[in-house]
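The structures come next, written out as structure tokens.
Both of the next two complexes hold chain A, though its partner changes from chain B to chain C.
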Partner chain A sequence: MNIQPAAFTHASGVAQAAPFLSVRDLGKRFGRTTVVDRLTFDIARSEFVCVLGPSGCGKTTLLRLIAGFETADSGSIAIAGTDVTRLAPEQRDFGIVFQSYALFPNRTVAGNVGFGLEATKVSSAQRHARVAELLALVGLTEHTAKYPSQLSGGQQQRVALARALALSPGLLLLDEPLSALDANVRSRLRLELLSLQRRVGVTALMVTHDQQEALAVADRIIVMNQGRIVQIGTPQQVFETPADLFVARFMGEMNAFTVSSVDDGRLWAGPLCMLRGRPAAAVPERAHLCIRPSAVLVGAEAAATGRSMAAQVRHMLYLGDTVRLSLAVPGDAGDVVHAELPSVRMSSLPRLGDEIAIAFPPEHVQLLADGG
Partner chain B sequence: MQTRPLISDLPRLALLSLAALVVLAPYIWMVAVSVKPQDEVFKASLSLIPQKWALIENYGKVLKTIPIWTYIVNGLIVCFGILFFQILFAIPAAYALAKLNFRGRELVFGFVMLGLLIPYQTTALPLYLGIHQLGLLNSYTALIAPFTCSVFAIFLFRQFFRAIPDDLINAARIDGMGELSIVWRVIVPNAVPAATAFAIFSVVAHWNDLFWPLIVIQKGNLYTPAMGILAFRSVEAGEDYGALMAAALLVTAPLVLAFLFAQRRFIEGITMTGLKG
Partner chain C sequence: MTSTSTRRLAQALPIGLIALLLATIVGPIAALLLKSLMDRQGQFIGLGNFARYVAEPGLSVAIWNSVSLSSVSTILTIAIAFPYAYALHRSQIPAKGLFRVIMLVPLLAPSMLPAFGMIYLFGNQGVLKSWLMGHAIYGSIGIVSASVFHALPHAVLILSAGLASGDQRIYEAARALKASPLKTFTNVTLPSCQYAIISAACVVFVIVFTDFGIPTVIGGSINVLATDIYKQVIGRFDFELGAVVGMLLLIPALVAYLVDVMARRNQRATFSGRSVPVEPGASRGRDAALLGFVVVVGICILGIIGMALFGSLVRFWPYNLTLGLHHYEKAMSDPDELRSLVNSLVLASSTAIAGTLLVVLSGWMVSRKVFAAGMTQTLQALAMVPVAVPGLVLGLGYVFFFNNPANPLHILQGSMILLVLCTIAHFYTVPHLMAVGGLVKLDRETDLAAQALRSGPVATGRRIHIPVLGPTLVDIAGYLFVNAMTTVSALMFLFNAQTRVAAVAVVNMTEGSRFGQATALAVLVMAVCLLATALQMMARTLIVRRQTWRRPAS
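This part shows the complex of A and B:
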């Protein structure tokens, strides 16, 4: 079985000290709908954690509960050892970046970043120095006097980031901060965000529905579905050993076949087969054998394993870096396996209808429960 | 915007000019009459340009017989006094109704809506009695106070504030702003377009208002512009339409100027904010 070891494994290099953010049994209902269902997790100081899930899974509500924009129905939230469950947002020591930027349109870039400092006892000279420092940090020094409407989306979001960090909060909350940006800006800003978080050392919690983004920046990923936490782990753990088929599919393409027969230590599912190391372990109801398209061997590599089978090319998608094949495997069930392979490793592209050897390396075949 | 050749724009321009002319015709006629001598006003021939100019005569008569400047200054004090308090009270109220969650909010908003349905003539009598008992008849207070809480302003601002993203207010809240400083520093700067639009409604309504000033004002030195015209007509000018139009022109001129100015600010206000939801 492929169940995560009780979830709360920390990323390597992150200290096992007292958690910085601690969420216990947190629950929230809107009317009769349970949006957040008894969530429990910890985040270590300076850790970058992504909450990942499809829209409507409760991840944004979770963020708003931590921020204090919503009040929890049950459970508790502690930041740096202080219970903040009943505190107002401004008493919780965090900065936040919104998907919609939410910059003050009537204030300049410097005015936006310095806004929170104006309410503190900091002298105006110190404030200007801090604003300049932050704008240098996000690379916007020459835009200090501009208004938000004169900036691009990426620049506006950097202003928002500088503003969120202005009061040196312990916790940085990011609500889909990159979702409104176009693809190129998004991937560049993703890296900037990560390196900024590392330099400042702030603990960060980012909500996103983009698994690539989560895989790229997170120390750990919290995968949510229908208000519950499905899995917590490093990007590698979540991608390579998903808790169930839902997580597996959410993180990327997955070939999955429902287990059809169990005999004498072997599981059979479509073209896939798995040897059971522990025959005594129960097979979950609705279990699937799964393999990532990128783990499927094709052509000579497959033939070399000595356990290959012939499959017919049904569809081919040329994606530049990779080629994705839909392959019909022999049998009455009409099972189709997807394989994805680097195009540079293919001497020539197969044609539709070609017979081609494929093989499934046993170490990449996983048994997964159905999930949500 | 793309510039198009003038020729293809001509039909549009012609149509718009015609519409503008129709709308402006009475005003243009008033300007024309204000510079005509008495005997030319009712002549059968329609002519904008007078044969004999009576500009100095007509306007001179107005300036000589009534303290028109006093009336205009009164009008400015009353209109801007009303506007100032209306905005001062309506913005926080509208903010609370639009963005704060509290028990009974919908009920309060229901009362605001109900207030919209009551014509202000209905409450004139009790208001008059109240002001009389307070001994405030014949004062600026009597002219201004009854209008300082505008349900229309609350409604208008409330609708406008609802479009302001919650995240913007949350961002200010996290930065340690109290609700009053959120209103003052985040909401007000973004409310300029709504405030300008409302100012036009409010100033026009109260500049031209005759009903309420006639009830509470008897002393000539507190006359509003509209009352001034009325007084000029009944007492001084009688049938002298040239002078009457001259007085009307002087009284409406500040409004026209303010309107043109506000129109530019109005468009500026809309383009400046650029709020994205």
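This part shows the complex of A and C:
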């Protein structure tokens, strides 16, 4: 899952070297709604950071604040050590790619890529060379003379990417760049985008609501909810040790049961239980015990643990690679646990109503606060 | 020019445009309102003038005549326009393009031309006079029939837009639910274009209610508000009563405008952007009936215009039917009439050039949100006002506003510039919306992308927006040119001997019983408009052909 080289991995929320992009206490309100609520984070040079969150969480406003399309109500933004908070967009050093591609319909591929260069002092020979170089970089050399309406969505987004890089910006802003594309094109372009960013060495900030995308390309992920940062970390940190149930659920399916009782140093929640570990470990209000469906053991594997329980198959979803089971566990509460297992490891599919053994490996049971 | 001075100039643009629209639209209407509330000495007397007007014997009859004749004309126009538009969009009749073009012809002529055609057909010496069974064409019958003819293309255009935006999937759903064609028509088609019908009815009502040319030519002794305002101001120099009639003319136009705005607002919610265009199925009986109807209407349109053309070529109707250019020669050898035609060309060209510049500027500022939200909204609101203001009302407002010696713009009084400004203001709304419509299709993020590439708003306007607008620019210029050529109402109060235009001259000549020459001049105006429209089509085709990027991949 993780492709990032070690050099780009940062263990903590704050980058190690002098940050390339530095955001401090950034705030923005529209009327009475606070859209961006005192955000603080740093991004290192050449780092690829994804801002991830549900729609309306303020991630796009954050991007527009960094670009200068919106003016901050409070806080500051610095790019490469320069405070740009009050500067107009054209005075800031960035390139941008939009979900809608936003290509100029009346210009060819080369005309789009060269648009920003035309206003500079570069000679036309240099400009043509630069445009050719960029188009080679995104693999569109043979489409130079075409117009945007003659290109596929994936090709249009490659043009937008080359156009954004034309002025060699220090910072590349990406606003849901892959969301409008078909699933196959999206996953291919995701890899291209990543390798391009590595080759060019540009610092990238990408806004997305797709957690798969963020996990796949980001060096670090900033998870946002309701205008605030909920968690900053590497994809692995965010997925495996989510800050709360909101982050956990946003990153993927999660079985969660509200903690119902505490005794003998154990927490109980539905069918799950957990040792409290150190005696002082405080249980947050509205706490949940959670386990990923893929961590639930089923059948012989469960029985082998010696701590399995019998559960009844209520629903089954066959998803090709995996099978997802909804399992009713014994008890009056009517709790249902979801389990996901690779279909190749199942000799035969269970039938509805079958009783099978399930078990919850204690190392995968997490205690999480409710969160947003 | 340095970038700061460019920016300063760019920031002065919207303020200058707002000031211009205030002076040419809001100022005159405010002056008219004030005038209606004052006595001759300039003292405020509240509704005194209105009371005086109502008390005048016979004058309040004009209100009734205007309302009743406009209502009847509206109902008839919609009754003809709906099946016509339906045939163009929801049937498989042949030669749809031809019938579409025929319907547009009346737009190219002054409103007097159909009235002339009617008179040659049904007048005292008309060839088909017997068809009226003893009734006279002069009066209600003439006003209503010429008004229907004049307003028909506007109604067909609006209803066509409504019928073209239907959704095929809803018709498939209706068939799947086993609904009969009649039930589908009453339950799907009619509701889906009810707002277009309301909108068309409003537009037609206002056109008929405020038209000046038709009742002057064919109204006989029937008094309507539109001619009354003229009699009060020009005939009796009673400016205060003229202002009162102006306010009365403004009220229904304003009501119709508000109804239309509300209908449009509702309409937006009923249609999704993803609807599938309707593909009418085959139905012999329906198509035969609709074809018959469309042919009859088409023949009527061409017949009435053809009759006016024939009348203009006849030496002495109806006694000497020798054909020739007698009336044309006579009209054009009169220096006053020749000057009026030249004036019309000057007015129409200046309106087309200056007006296109202005509406493109305002349409660009509004659609691309170039400046602060307050300025954008002010511009949009100002640009929407003229559509609710009848030409006569605007023209009279101009008299009060620019005649006032206290107004520094007083110097424009009596000049061609004032006529151009008034005509641009009168027809501002539609081309402004055309410019907005031509630009909103372009994604807003395109401008942000350009900005990120260090291109300022003016540079982006030049490099991206103007090329995207392309053919719409030509359409806007054509619209302004044709309307400036054919309009009478707003200019009736503003012209003098030096600035009189051809359409106004047509009205004057009718009053002076030079009927044949009046018809000839009206035909000349139409010919100029036909030529201009042909040029517009050619320019449009050339632009579209050059802009290869408009063509999608094959």
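Assume the second predicted complex is superposed on the first by the 358 of 372 C-alpha atoms of A that agree within 3 Å, B and C clash if a C-alpha of one lies under 4 Å from a C-alpha of the other, contacts with A are read in each partner's own complex, and residues count from 1 in each chain.
Methods note: contacts are C-beta pairs under 8 Å (C-beta built on N, C-alpha and C of every residue); 3 or more make two chains touch, one makes a residue touch a chain.
Values in this document were obtained by computation on a predicted structure and should not be read as measured data.
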Using the overlay on chain A, decide if chain B and chain C clash or can fit next to each other. clash
Which partner chains sit in contact with A:S55 here, chain B, chain C, both or neither? Use first/second/both/neither. neither
First (chain B), second (chain C), both or neither: which does A:N184 touch? neither
Touch check for A:A119: first (chain B), second (chain C), both, or neither? both
Should A:S347 be classified as contacting the first partner (chain B), the second (chain C), both, or neither? neither
Regarding the shared-chain residue A:S261, is it in contact with chain B (first), chain C (second), both, or neither? neither
Go through the superposed model and pick first if A:P105 touches only chain B, second if only chain C, both, or neither. both
Partner chain(s) touched by A:G95 [first = chain B, second = chain C, both, neither]: both
Identified clashing stretch of chain C versus chain B [42-50, 96-104 or 240-248]: 96-104
I'd like to check the shared interface: which positions of chain A are touched by both chain B and chain C across the two complexes? 67, 69, 89-90, 94-96, 98, 100, 102-107, 115-116, 119-120, 148-149, 163, 166-167
Applying the document's contact rule, which stretches of chain A touch chain C when the two form their complex? 67, 69, 89-90, 94-96, 98, 100, 102-108, 115-116, 119-120, 147-151, 160, 163-164, 166-167
Which residues of chain C touch chain A in the complex? 442-443, 445-446, 448-456, 459, 463-464, 467-468, 547-553
Using the touch definition up top, name the residues of chain B that touch chain A in the complex. 165-168, 170-177, 181, 186, 189-190, 272-277
With touch defined as at the start, can you tell me which chain A residues reach chain B in the complex? 67, 69, 88-90, 94-96, 98, 100-107, 115-116, 119-120, 148-149, 163, 166-167
